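For clarity, chains are labelled A, B, C, D, E and F in written order, and residue numbers in each chain start from 1.
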Amino acid sequence: MKTAIYRKEHFNAAHRLFNPSWSDEKNSATFGKCNNPSFHGHNYELIVKLVGEVDPETGYVFDTKVLSDIIKKHILARYDHKNLNLDCEEFKTTNPTAENIAKQIYNTLRSLIDSTLDLKVILYETERNFVEYPA
Amino acid sequence: MKTAIYRKEHFNAAHRLFNPSWSDEKNSATFGKCNNPSFHGHNYELIVKLVGEVDPETGYVFDTKVLSDIIKKHILARYDHKNLNLDCEEFKTTNPTAENIAKQIYNTLRSLIDSTLDLKVILYETERNFVEYPA
Amino acid sequence: MKTAIYRKEHFNAAHRLFNPSWSDEKNSATFGKCNNPSFHGHNYELIVKLVGEVDPETGYVFDTKVLSDIIKKHILARYDHKNLNLDCEEFKTTNPTAENIAKQIYNTLRSLIDSTLDLKVILYETERNFVEYPA
Amino acid sequence: MKTAIYRKEHFNAAHRLFNPSWSDEKNSATFGKCNNPSFHGHNYELIVKLVGEVDPETGYVFDTKVLSDIIKKHILARYDHKNLNLDCEEFKTTNPTAENIAKQIYNTLRSLIDSTLDLKVILYETERNFVEYPA
Amino acid sequence: MKTAIYRKEHFNAAHRLFNPSWSDEKNSATFGKCNNPSFHGHNYELIVKLVGEVDPETGYVFDTKVLSDIIKKHILARYDHKNLNLDCEEFKTTNPTAENIAKQIYNTLRSLIDSTLDLKVILYETERNFVEYPA
Amino acid sequence: MKTAIYRKEHFNAAHRLFNPSWSDEKNSATFGKCNNPSFHGHNYELIVKLVGEVDPETGYVFDTKVLSDIIKKHILARYDHKNLNLDCEEFKTTNPTAENIAKQIYNTLRSLIDSTLDLKVILYETERNFVEYPA
């Protein structure tokens, strides 16, 4: 049977939700307060899950210190203290919902983590709203 | 691959655990302090999980504001600041254990949420005791 | 300078808020959902704070294991899995608001803890509502 | 002896730290990542503390439901899902640090809460950085 | 559909990570601060998950009080306030990583819990590092 | 009126409680499980509070990034992943209770922080046991 390891990190970012192909009215009706053109922001809590076999020599599935360093270098450096809409290429045409941010983080990490390990991303936008990709 | 979204809400309720077809002795031996005929209570934390495809127009699996409104209207209005045994028809004949409350919430929400979305209910009775339905 | 120690415990109880000298209408208008005659309930989180000198022989202001035992014997045994209004003499004539429960706990503990130690009680009724006595 | 009551609320906002009378270099050197001109954001947790006598008729220092409504109307409506620098007059000339936001919230609430009650504001910018006013 | 129940417990223990068949240099390079020969320690949070059918007579998958007693007797008595490397036979030859501790707890509980119930162990070493077995 | 700022950090350490001038029997009777000669350990959560005037130019009482760096350099480097009894001079003759660790941290930081700022140290040994110095 395999084992899962989880590593939690966090970043603080500004964003707004909107669809550039829609009218302002439709954007406002759909996204409400989250559509504020001046942006709002969140303390995002990010949990990365890896599933695999335990290495009998180390007792690790994957060294969480190394995982933390990968997340810091490739995810936090990109999103922490940023405006997701203005500062991040990937959200200039994609709406930075929690769902889309989680998928983007997954895609970034998937290419960096050995494919023998299953990968899942859990992202808390607030304590009450969070997402998981893949489900 | 699909994405999961989660929404957390809470309600405060009184309850007692007992089986009306059993003797007082058996009820007390089985349910201990939870069998107190005067009731006790909890701050229930409720997490609702939906799994589906991300809508490319909104970037949402499901609008968490709409999900919150559904939970408030159909679950919190029914259970918040209530006595589950005395005030709620469904627990007059069913023991209001966390397992049974979670299943009841699932059944109520299942009929209100589009069937293309998978649904799961997680219910914390205390920080140390919680349940998930379906597992 | 003195040092403070804190010990956290919890209990689950049912209660309702009402003033027996008022009309049902006034009780309902004042206490809203909390006035439900069938009761509701909470997971109360209790924090007890003692302030004093550190004993140079033990390095303790007060042994938190002993403090925990005192709280379990004199507070939790009295309130855990109880209906505060029905099961507890002290709340038959006093409204079991968080303020009044905290004061009652303070009075009980004050007589049990050496008077050279300052005592404070912090009581969480929910994660969002809590009280402190004395302030 | 008096009793304290606490009420916790939250809001999500964007901000950036900068001093308009300083050069870009000095702003960047002083505020680091928090100086990002595109803004970043936080889930602010706000705790409001009131200290006073318990009303013997209600058992309340102050009705937390009323306090919550005051905070929602006068604080959350003003800051939730806003850009503090762009959308809020008071932070056009004052740097929206946690210290200054807490003081602003205090000043707003002080005029709305009876002066017989002592008032304190605790504001969490992140789980690791928080402030209290007055200390 | 089946239901899951979860019970959370905790224990405090010392440990160090090392592989006795490796050189000191390799151990230090691999395990870093966690290799300190004097040991360090953690507040471990343990969550045990059982999945099964709800008993129609009790409304329980499994009595969480009984589950708590099993965990206290067979896991906490063995690990709480212990040095995992020095005091526990099973970690004299196995590195006490979170992965290996979780698997050991699983193996101990698996023989004590009816095989009709699925079992999973979740172990938090810190708030930011946790594991799950089986995944 | 002054403002308080708080910064939270954490470290993981092993320790045991004992008084070298006492017999083994008295140590065991006094400190119970915490007296285990093989040590046990904790995830310590450390909160440092500074009280002072807000600098009108920065809007800060004190830069929390600078405070974090001071804590990392002078406290975490000394205690994180250490055995407090074996690795730290100051606890070779002083019992490493939470009270004594907090006082030691206070003394270290007091000499590093400008004396115009009031300083307080809050130390969580577990979620349920914590101390504050000075009270």
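To be clear about the criterion, a contact is a pair of C-beta atoms (placed from the backbone, for glycine too) under 8 Å apart; a residue touches a chain by one contact, two chains touch by 3 or more.
Quantities reported herein were computed from a predicted structural model and do not represent experimental measurements.
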**Complete:** Contact steps required, at the very least, to link subunit A with subunit E come to 1
**Item:** Each chain counted as touching subunit B and subunit D at once
**Value:** A, C
**Message:** Of the pairs C-F and A-D, which shows more C-beta pairs in contact?
**Reply:** A-D
**Item:** Of all other chains, the one whose Cα centre sits farthest from subunit A
**Value:** C
**Complete:** Comparing which residue numbers subunit A and subunit B contribute to their contact, where sharing over half means same and under half means different, the two sides are different
**Prompt:** Matching A-E on over half of contact pairs, by residue number: which of A-B, A-D or E-F?
**Reply:** A-B
**Prompt:** What chain is the most remote from subunit F, judged by the mean position of CA atoms in each chain?
**Reply:** B
**Prompt:** Between subunit B and subunit C, what is the separation of their C-alpha centroids in Å?
**Reply:** 28
**Request:** Go ahead and note the Å separation of the Cα centroids belonging to subunit C and subunit E.
**Result:** 34
**Asked** Among the residues of subunit F, which ones contact at least 2 other chains?
**Response** 127
**Item:** Chains touching one another, given as label pairs in label order
**Value:** A-B, A-D, A-E, B-C, B-E, C-D, C-F, D-F, E-F
**Message:** Can you tell me which positions in subunit A touch subunit E when the two form their complex?
**Reply:** 1-9, 51, 54, 57-61, 63-65, 68, 118
**Message:** Quick check: in the complex, which residue numbers of subunit B touch subunit E?
**Reply:** 17, 19, 22, 30-32, 94-100, 102-103, 127-135
**Message:** Which stretch or stretches of subunit A touch subunit D in the complex?
**Reply:** 10, 12-15, 33-34, 36, 38-43, 80-83, 86-87, 126-127
